[in-house]
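Some notes on the structure that comes next.
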Amino acid sequence: MSDIKAIIAKRVAQEFSDGNLVNLGIGLPTLVANYIPESIEVILQSENGFVGMGPAPEESEIDPNLVNAGAMPVTTLPGAAFFDSAMSFAIIRGGHLDATVLGALQVDEKGNLANWMIPGKKVPGMGGAMDLVTGAKKVIVAMTHTAKGSIKIMKECTLPLTAAGQVDLIITEMGVMRVTEKGLLLEEINPEFTVEQVQEATEAKLIVAEPLKVMEI
Amino acid sequence: MKKLMNIDEAAAHIKDGMTVMLGGFLGVGAPSTVIDKMIENGVKDLTVIANDTSFPDQNIGKLVVNKQVKKVIASHIGTNPETGRQMNENEMEVILVPQGTLAEQVRAGGAGLGGVLTPTGLGTVVEDGKQKVTINGKVYLVEEALKADVAVIKALKADKKGNLVYDKAARNFNPLMAMAADLVIAEVDEIVEVGEISPDMVMTPNIFVNIVVKGEK
Amino acid sequence: MKKLMNIDEAAAHIKDGMTVMLGGFLGVGAPSTVIDKMIENGVKDLTVIANDTSFPDQNIGKLVVNKQVKKVIASHIGTNPETGRQMNENEMEVILVPQGTLAEQVRAGGAGLGGVLTPTGLGTVVEDGKQKVTINGKVYLVEEALKADVAVIKALKADKKGNLVYDKAARNFNPLMAMAADLVIAEVDEIVEVGEISPDMVMTPNIFVNIVVKGEK
Amino acid sequence: MSDIKAIIAKRVAQEFSDGNLVNLGIGLPTLVANYIPESIEVILQSENGFVGMGPAPEESEIDPNLVNAGAMPVTTLPGAAFFDSAMSFAIIRGGHLDATVLGALQVDEKGNLANWMIPGKKVPGMGGAMDLVTGAKKVIVAMTHTAKGSIKIMKECTLPLTAAGQVDLIITEMGVMRVTEKGLLLEEINPEFTVEQVQEATEAKLIVAEPLKVMEI
């Protein structure tokens, strides 16, 4: 099996259309940029204040004032624009973002997302996540299906929420699940797994789409 | 109307117990020279409003490590473990706010608005104890405006009247904080003659800036 | 992603019954070429959101004189006697809003905020029928966010991706309206190559602009 | 007697201190700029979007995009800065304006101001007046004492208010009146009038300051 993160990132990248404005979260979601088809133009937003984010620079080209929201050096593409944090979140909250891709500690069948704290253990803060999840037109959770075997796709999140009912799509190395009114719809499956295996790694009851598509890996 | 000051004169305005807004996003666009002087001066019991508490060995992060801060209002503290430790051991109060809400709260403080009506945080712990307003059937949280005694911000350039220009992603919260404090200290890399910044290109108008100080790098 | 259009293609997007935001302040910074085409096209029953209704023989003023507007939301109509006449004779509905409130209402629409909490208008007829919120003992009016089907704005320059720069006092409501409509048409004096506007100097990021059209002067 | 408007404008100009940011309304208040002492620098704001407004240009220097809020051509002084309408009213509403000077249809002893409409007759709209009067640190009404004999300084305004209880100072050709908790305090008088004459031209009961200063005319 090819690298798990690559499988997920590659599949997420297929969700975008030409001209889309997208925000990619820190970590795995950042990798999605590497798989955007060359046939379309996707504009990346960085919530610290610009649109038109490009890839990481050569060592010699690093500019300390040009970093992404995770403080990693990046570049800008032609047509980029910088702005302040109020404008950045006006874009995010105002519905101008076609999609946001971010990780999760837990996500559930109602589209609830928990990704900003583990009470008594780790409280990094929500950063821009609550606004991103509330404001983006499409919220895509991109993550490994379980955390070293421990289940993350729940019937109901037990950790403090980032936002209620905002997640549209969950993409893992096992498959693609859509949040619907009836529950989680398994739309695509990685051919290396069976439906039973995916369900076993998932607390929420999966509805299996017909036909169930095969995930490109 | 004396705006240009040296670092000692400027930092002398920041006193024990004050509420201080500090620009920057994970240290990028942070007024490091003034913060170093605040550390040297040992001002204490500060309430700091900032996007994050940076890293332990950098700007705002050092203030926290040096225990000069009694309360922090920020969106993210994950990159500075000392903030988490002081929070968990009740040595420092930490109020976590969604980043877009924080940006608008600061802007509202500067703009004479009572607060912000945002959907961000609904259905999460962020809404605890807050007023809600329903507009056209949609519910919004009332997030109160924030003001400060002093804002210390970082810009690329100032002219001698105090008009400011920022560089790339180092803009972030700086222009917003410039509006929201009784006294505004701008640390800049370069001070130019009046007229060298075109009136159309000014990012923070001089009328907000009380003190301009040249940074050490 | 086709942004550059001729005036006929651009104006064809503005249809009977639409809510249209029009930039400009007493005609300065108003998209006159597109408005002339709207008059030629005879689109009617428009709801216009604008700072003012200009002068009878200029841009927005001509739309009013030509009876294409069924409702106006503006801060000032004194320079166009025809607006007052149509209002008094119930031919057109006019909603007068304090200028600072109007600016924030439009901004709130673009920023995904429910509305504005302002002290402006308290104790006057402006508060009639509106919600109030008390924050720290101070009372604020709730002024609802405004959005539009189309915003027609005027800029000095656009690059071919749609990044905009405004000239002097012709900026006014234009950057705000660019954020608050489903479709944004920018009339500009000059179209330049991507890269000619520095990313730091962009006043309206391209992601807000759907159509760029060259004005006739 | 010298020109009435000049007397008023000259007296208003004495209210400013070095470094003040001031907004001058259309009409008589605009004249105040001509009388600002050369020993101080006063920055003028124009609510259509800039600070650093200068005097009217020569005919040949007129720029259609550089006008004041009354659409009259102006210039900018060194250090000027342009911005959008939201920023302009953030300055106004946010308490960054040291003074606003504007005319009145009526003003009363409680500091209520009416200057934006005469029901059934003239409804120009409030423009920026409601925000200016609500937000400025000092509100100065500058006007002829009566309108061709008809009284404007009332016990209680009968016209729709622009704002309640916001006026600080009333300056007319007859004298200077301060709004106090006890009522209108006549602080200065034009030596060409008697206290009785001023009272006769005023509906509100005047409290006469001791000593009553002589107005410089």
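A, B, C and D label the chains in the order they appear, each numbered from 1.
Simple rule for what comes next: a contact is a pair of C-beta atoms (placed from the backbone, for glycine too) under 8 Å apart; a residue touches a chain by one contact, two chains touch by 3 or more.
The structure displayed is predicted, hence computed values, not measured ones.
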{"item": "Contact distance in steps, from subunit B to subunit C", "value": "1"}
{"item": "Result of counting contacting C-beta pairs for C-D and A-C, higher pair", "value": "C-D"}
{"item": "Mean-CA-position distance for subunit D and subunit B (Å)", "value": "35"}
{"item": "Where subunit A and subunit B are represented by their mean Cα positions, the distance between them in whole Å", "value": "29"}
{"item": "Residue list for subunit A, restricted to those that touch at least two other chains", "value": "50, 76, 82-83, 86, 89, 92-93, 134-135"}
{"item": "Junction residues of subunit C, two or more chains touched", "value": "104, 107, 111-113, 118-119, 166-168, 199-200"}
{"item": "Arrangement of touching chains [line / ring / star / complete / other]", "value": "other"}
{"item": "Pairs of chains satisfying the touch condition", "value": "A-B, A-C, B-C, B-D, C-D"}
{"item": "Of all residues in subunit D, those that touch subunit C in their complex", "value": "46-50, 63-67, 69-71, 76, 82-86, 88-89, 92-93, 112, 122-131, 134-135, 160-165"}
{"item": "Contacting residues of subunit B [partner subunit D, same complex]", "value": "1, 107, 109-113, 159, 161, 163, 179, 194-195, 199-200, 202, 205-208"}
{"item": "Subunit D residues touching subunit B - in the complex, by the definition given at the top", "value": "18-19, 21, 41, 43, 45, 50-52, 76, 78-83, 86-87, 89-96, 134-135"}
{"item": "Contacting residues of subunit C [partner subunit D, same complex]", "value": "25-29, 51-52, 74-79, 84, 87, 94, 96, 98-104, 106-107, 118-126, 166-176"}
{"item": "In the complex with subunit C, residue positions of subunit B that touch it", "value": "104, 108, 111-119, 131, 133, 135-136, 138, 140, 142, 144-145, 165-168, 199-201"}
